[in-house]
Amino acid sequence: MPDEPHPPLTARHRVKSYELDSFGHVNNAVYLNLFEGARNEYMLQRGLSFADFSVWKAHPIVAEAWVRYRRAAFVDDKLVILGAVENASNVSFTIRYRIEREGDGQWLAEGTTRMAFVDPEGKPTRIPQAFKEKFIESRGV
Amino acid sequence: MPDEPHPPLTARHRVKSYELDSFGHVNNAVYLNLFEGARNEYMLQRGLSFADFSVWKAHPIVAEAWVRYRRAAFVDDKLVILGAVENASNVSFTIRYRIEREGDGQWLAEGTTRMAFVDPEGKPTRIPQAFKEKFIESRGV
Amino acid sequence: MPDEPHPPLTARHRVKSYELDSFGHVNNAVYLNLFEGARNEYMLQRGLSFADFSVWKAHPIVAEAWVRYRRAAFVDDKLVILGAVENASNVSFTIRYRIEREGDGQWLAEGTTRMAFVDPEGKPTRIPQAFKEKFIESRGV
Amino acid sequence: MPDEPHPPLTARHRVKSYELDSFGHVNNAVYLNLFEGARNEYMLQRGLSFADFSVWKAHPIVAEAWVRYRRAAFVDDKLVILGAVENASNVSFTIRYRIEREGDGQWLAEGTTRMAFVDPEGKPTRIPQAFKEKFIESRGV
């Protein structure tokens, strides 16, 4: 992603006090929420919604996740979550993320989620064509 | 609050998929997070921060909370959280909230939190003067 | 509930570090999770499961919640969540809860949730008969 | 871990309905909570507590996390979280986890967290000797 100056997936988040743990920094699990929130935002930007999953009878799941925490995030921090799709096939794709703090521009975390699609019974299924075109093949605005 | 057309506390929140429960609507506990996030936002607007709590050696706690859920909130809904302080004394105050959905303007929930201040050992203490002036006595913009 | 020495709904919970906020005590919203977890546990004890909701095409929602926080809960605390049903009608019922800390027996919080049933479209519906018999009318073991 | 038949870190967790997402399975971020809860439990088993972190003026943070999701977990599932420490140095160590479902014995997820210690200002510091002896060097009961 460092060599991709305009990652298509971009979302913003202001850290809330309920996302902190007793050491005063954002809890490690919350970063997976931030990645998920960025996916929500990107779906909206690409004209997709959760209602599509019912129509397609297929929805995405996280098959694998990885996060490297570089610097702590604190209450009221304005975060930018950047992301880009990589390694897409017919059955899975990976999103690479980077979280930065606005203001000092510090790079706080990076990570990946490998995503796959399943049918309502949880069985693996091909990525729906409309999702592929709008979410995966898009190269941003 | 209906008779108070410009409640001073105003915050916005886009519903994320990780805030839903298995019935597809925002889980009941998340509404207390929304109230807390609105307090975070209002503190910033009033020039207050969590660092002040360390300086004052006193921080607010929720002593009592009440929520009435009127209509479900769904993923991607844009929520507006409105609030106003009422019944302030030297040791506690209440915030009344209303959550509306932008777009259809539906009134989704209302609630209150009664707040008190405690010292670092958890003992009740008077509300710090600076908090009183900026957070409680302010009548909004 | 104080006058009801053996509340039928009983659940246990060990406080986890991710349930704390930056002041080192359990966040206020988590108490609604504790109430929900106690309802989960009680359903199991009464021979009910979430699969029943699909069969009945009706599931419970929280219509109103109230919590009074009396003393803070800390990491590793062993909590007991006690509850009893009150004010049941054909369309709603209330559960009254009390949270105690094992060991010192301190009473940490009390609260209520008023519950109603809705159909898959979210429309209010009568409480299913099997739920009424097993969850509401049961007087405990 | 497969070649280590008795991993020292063992914890149990019953899935709650508030841990599910709208697809009816446990949300991906919750697995990092499960890992954290297992660390809480193991600390207690080894005679350690969060109060030690204040005494030592040093506490652990998650420096890196990885999760592979193999099968979905559902409400009321009884999970077993197993773990073992590996690759410990003076400044960091890794815990490898596996999550199984009791009953059918299915292997639901595996993962790792690389942990480091920081002082109250967030600066990296050596692992406290008492933590090393009790948490890291212990080979289980």
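Per-chain numbering from 1; labels A, B, C and D assigned in written order.
Keep in mind that, in the parts below, contacts are C-beta pairs under 8 Å (C-beta built on N, C-alpha and C of every residue); 3 or more make two chains touch, one makes a residue touch a chain.
All values derive from a computational prediction rather than experimental measurement.
For the pair subunit B and subunit D, the CA-based superposition corresponds to a rotation of 180 degrees in steps of 5. Of all residue numbers that take part in the contact between subunit C and subunit D, over half occur on both sides, making this a same-residue interface. Set side by side, the interfaces A-B and B-C show unequal numbers of C-beta pairs in contact, with more at B-C. Mean C-alpha position of subunit B lies 33 Å from that of subunit D.
For the pair subunit A and subunit B, the distance between mean C-alpha positions equals 28 Å. Rounded to whole angstrom, the centroid-to-centroid distance between subunit B and subunit C, based on C-alpha atoms, equals 24 Å.
Of all residues in subunit B, those touching 2 or more other chains are 17-18, 22-23, 27, 29, 33, 36, 50, 75, listed in ascending order.
If each chain is drawn as a node and touching chains are joined, the picture has every node linked to every other.
Within the complex formed with subunit A, the residues of subunit B that make contact are 14, 16-18, 33, 36-37, 40-41, 44, 49-50, 75-76. Within the complex, the subunit C residues that touch subunit A are 17-18, 20-24, 27, 29, 75. Taken together, the subunit B residues at the contact with subunit C in this complex read 22-23, 25, 27-30, 32-33, 36, 50, 59, 61-69, 72, 113, 122.
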